[in-house]
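Here the structure is laid out as structure tokens; the discussion comes afterwards.
For reference, chains read A, B, C and D in written order, and residue numbers begin at 1 within each chain.
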């Protein structure tokens, strides 16, 4: 048997079993999924950054901007913030429960997190439809100010909403896998990281898109 | 402080069935070859487009075979219309910059080699890796589809400057669905690149085998690792740019379209957008993109050279790597040099000019390292080394053009001339292509288990090397006469005297392009009929040469690898494998 | 053998390139502007600095490849290792680029940091797919307001002037050719009707893009009479290659005559 | 930074309330009729504070190795800071507009 045949035979043996290999330790000392999520967050933060800078640019350049949000919208935003923030805390509770091995509790908290996420999305859509009802469009400003308000508001919050909705779907997926034992607490923790990031983005979107546009 | 951790590694089983094995494969080696194949197809498409453009510029009335069939409207009878010329130019730039130059040296070789270089069985996220490729593939299909839709391919250039690209069909031909598909195609490419970069970073950091400290990483891996960071941040900004452009086109928004625009005496409904915002967003990505293309080339050349000069690079891994890091970092603060005469604030021109000039320092350090490593060497002139030497020469020739384009005062004359076109073809186009060829000839035995034909390889090198100088040095120098780029015909009084030079370039381009078929023949013939490759045909030291050619499914057959040395243990005929516990011969 | 051929090819390419540059096979046309000599000087300085690096780089590369092919040589390292290379790059190239940017900023500043001469002749320029139009303010020295909705190519209302109601617009002179008097400071305000265009006169050493939605000022003084091409250098659509106008630099008397004739034709 | 004493769940709830209070402060500031620039600056400062707390505690960076902090922050801030190079042109857009 020559060397290459031997290696092929060895490799087939290797894949059949799980075996231990010594590796360099990751400089971060964290799970590779978690590191991957962090890297994703860095790039996604830049994407949101570019959207928000485009908004800032439009706004500086506009002679008249107009500030459409009344107090009720701001209150709605406050409630949305509270909902999203609580969902971050419930997510945290889910991760802790998963880490301490109380699977049922973790699943319960994950469910609460998803429900809070859905409530956030519902409140958000209500805000959108209210604006549609007032005549706002991506390309139209019924108050006669800069038409960029609709474009920037709907695109920035739309991107955020996409993140929330895909977060809910991802959480549902992970909860199911966790329940069936395909996934473990590290998956829950990684999903949690993403969820907190969505919350983090909202902490900038709310003041910049809502409060800066309060009447 | 060698920290190691024992980890249980669960291998995914080798796939069964044709589809799992060769099409939707999660094996990084298959994905790497898929990327390279995609790039090869894209490169020949891009080259065919450039042939058609060059022939049209030199002999505007010549009927170009097949073109009339491809687009009866764009090239009636094979003689192209001005708008079809611009479409070909746009698609040449898009296909070459994204699907060839970004995909081949980074995603192609990186996918195949990076996990092997670090001693891993696969990428950190194999399924993510597979989806990166297939998203790229769909992006490429969308780009190619523009040739076959009634609206025709876009004609706004690969930079797609708004508002020409944003207002829609009123701006003339090529502004219909072709431009929409272009935006979607590039957005998909962004997503694929982001996921790919993420995978590269995590693999390099987390999957290194025992003893492979960062200081012992092969230099190609350093190139891909740094490049992954640059792509991660740059494509993150191109993605929203494409989305906003598509939103302007399909959603009626006005991010990039100001008020008061009139087409065919019709006032457009847009108002308040800024074309300069598009340029800023695009070039914020666009300039790092140039380095995304060239950094893997730096890495590949630095990886290949020590094998064939039989000594380590001057300054070891540190000098070349730190210059790559410096280049990658500075690449984010220089984008404004594309916009000196674009109506940007003239004070910002100075802010961008100084770092642009300073980026020459790390670039020159890299060139000096390569050149002075040749001093006192035992050079073996295999084809991969010839291509590396060609890379150095081309990079010098293009690099010096940077001095002119980095300064607003000189750029205000040379901007948008063929000087720029020659400059970027040298520095990023050809340099990256030469490094890709070097990598291809170098790694082909490992990828397919067969050697490539050296004679054909050298023939291919000589024709290509001399040919590209004839094309692009002429192009660069005619820029001093003010030859404007992106013109579909030479009709201005000062352009007419340049027709002979253009004919010369066209003939050189046809010959150089024809030489690429030698390469194609060599690759296909060698794949099936080439001499069987030994495990380590070049006498190299890095991990990919420490396994069979081609490597088994999990790369090393489940062996425990321990790395004892850096990647450049060469001393003339003597060399020490990274995994060999023997004493160092090069003292690195 | 291969190495020696490579060295010879690289040297030949370097020599041919150097010849083309030194013999000015393709070179800039003679400058006709006041600020131009600064730019020309900067291009020559840069050519010197970059050219020396280019020739030196290619020759050293060729020499090493020529000398060290094959396995016969005793391996040697460059004395001092990477340190002298890094120092060279930082000190010599660093000084060079600092010098270039210091001198170059003056050439740039002469065009863009100085306010236009208050006595400049102000001409309004509009670019559209695929033509330039120029507007002189007429005897009242004031331009009429622009109304894009009134633009009508059929009635030759290229700028969208409201000649019925706007007294400032009545005497505006609109032409398809740019005529300027020699040795007089000129102020152009560039604006675009549709997409991005550019105003490039090689002899004037002026290239400036039109930005849709903005008015971009540019000023210069021409020193020689003659007729020069204004070309578009910013991709603007299918007619891009054919988008041009002429710049006539006239003596003061010819200019006054020309302007009178144009006014009569309105 | 790296310490293993994680907060208890009730402290996290306290943290959440604290963050909500900052949001409340932002809303109050909004209705103080500040100049747009001052309002923007103070809102951004408060949001950054919130974001910092979220990253350090909710996203756990405080309890990871220091190197994670030094990877994530510089990379992101690098891009966000240099995107600010756009703004001189935004002001140019306001002052050099074709149609007033």
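Operating definition for what follows: a residue touches a chain if its C-beta (ideal position, glycine included) is under 8 Å from a C-beta of that chain, and two chains touch if they have at least 3 such contacts.
A quick note: this is a predicted structure, and the numbers were derived from the prediction, not measured.
Of all chains in the assembly, those touching subunit A and also subunit D are B.
A count of contacting C-beta pairs for B-C and for B-D identifies B-C as the more extensively joined pair. Each chain gets a centre from the mean of its Cα atoms; for subunit B and subunit C, those two points are 30 Å apart. Mean C-alpha positions place subunit B and subunit D at a centre distance of 36 Å.
If each chain is reduced to the centroid of its CA atoms, subunit C and subunit D end up 43 Å from each other.
Subunit A and subunit B have Cα centroids lying 32 Å from one another.
Shared contact sites, meaning residues of subunit C that touch two or more other chains, fall at 146, 148, 213-214, 216. In subunit A, the residues touching two or more other chains are 27-28, 42, 46, 50, 57-58, 61-62. Among the residues of subunit D, those in touch with two or more other chains are 75, 79, 83, 86, 89-90, 92-93, 97-99. Contact between chains, per the stated criterion, is found for A-B, A-D, B-C, B-D, C-D. Contact residues on subunit B toward subunit A in their complex (touch as defined above): 2-14, 119, 124-125, 194, 197-199, 201-202, 205-213, 232-233, 235-237, 239-241, 243-244, 247, 251-255, 269-274, 277, 281, 284, 535, 547-549, 552-554, 556-560, 562. Of all residues in subunit A, only 3-4, 7-8, 10-16, 18-28, 32, 35-36, 39-40, 42-44, 46-47, 50-51, 54, 57-58, 61-62, 137-139, 146-148, 150-151, 155 touch subunit B in the complex they form. Those residues of subunit B that touch subunit C in the shared complex are 81-83, 86, 155-157, 161, 163-164, 167, 171-174, 257-263, 265, 267, 273-276, 309-311, 314-316, 319, 341-343, 346-347, 349-350, 353-354, 357-358, 360-362, 364-365, 367-369, 371-381, 386, 389, 392-393, 396-397, 400-401, 403-404, 407-410, 412-413, 415-417, 458, 462, 465-466, 469, 473, 477-489, 491-494, 498, 501, 571-573.
The residues of subunit A lying in touch with subunit D in their complex are 27-30, 38, 41-42, 45-46, 49-50, 53, 56-58, 60-63, 74, 78, 81-82, 85-86, 88-89, 92-93, 96, 193, 196-197, 199-200, 203-204, 206-208, 211-212, 214. Touching subunit B in their complex are the following residues of subunit C: 2-3, 6, 9-10, 13, 16-17, 20-21, 25-29, 38-39, 42-43, 46-47, 49-51, 53-54, 57-58, 60-61, 64-65, 68-78, 81-82, 85-86, 88-90, 93-94, 97-98, 100-101, 104-105, 107-108, 111-113, 128-129, 146, 148-149, 151-154, 160, 193-196, 198, 200, 202, 205-214, 216, 229, 231, 233-242, 244.
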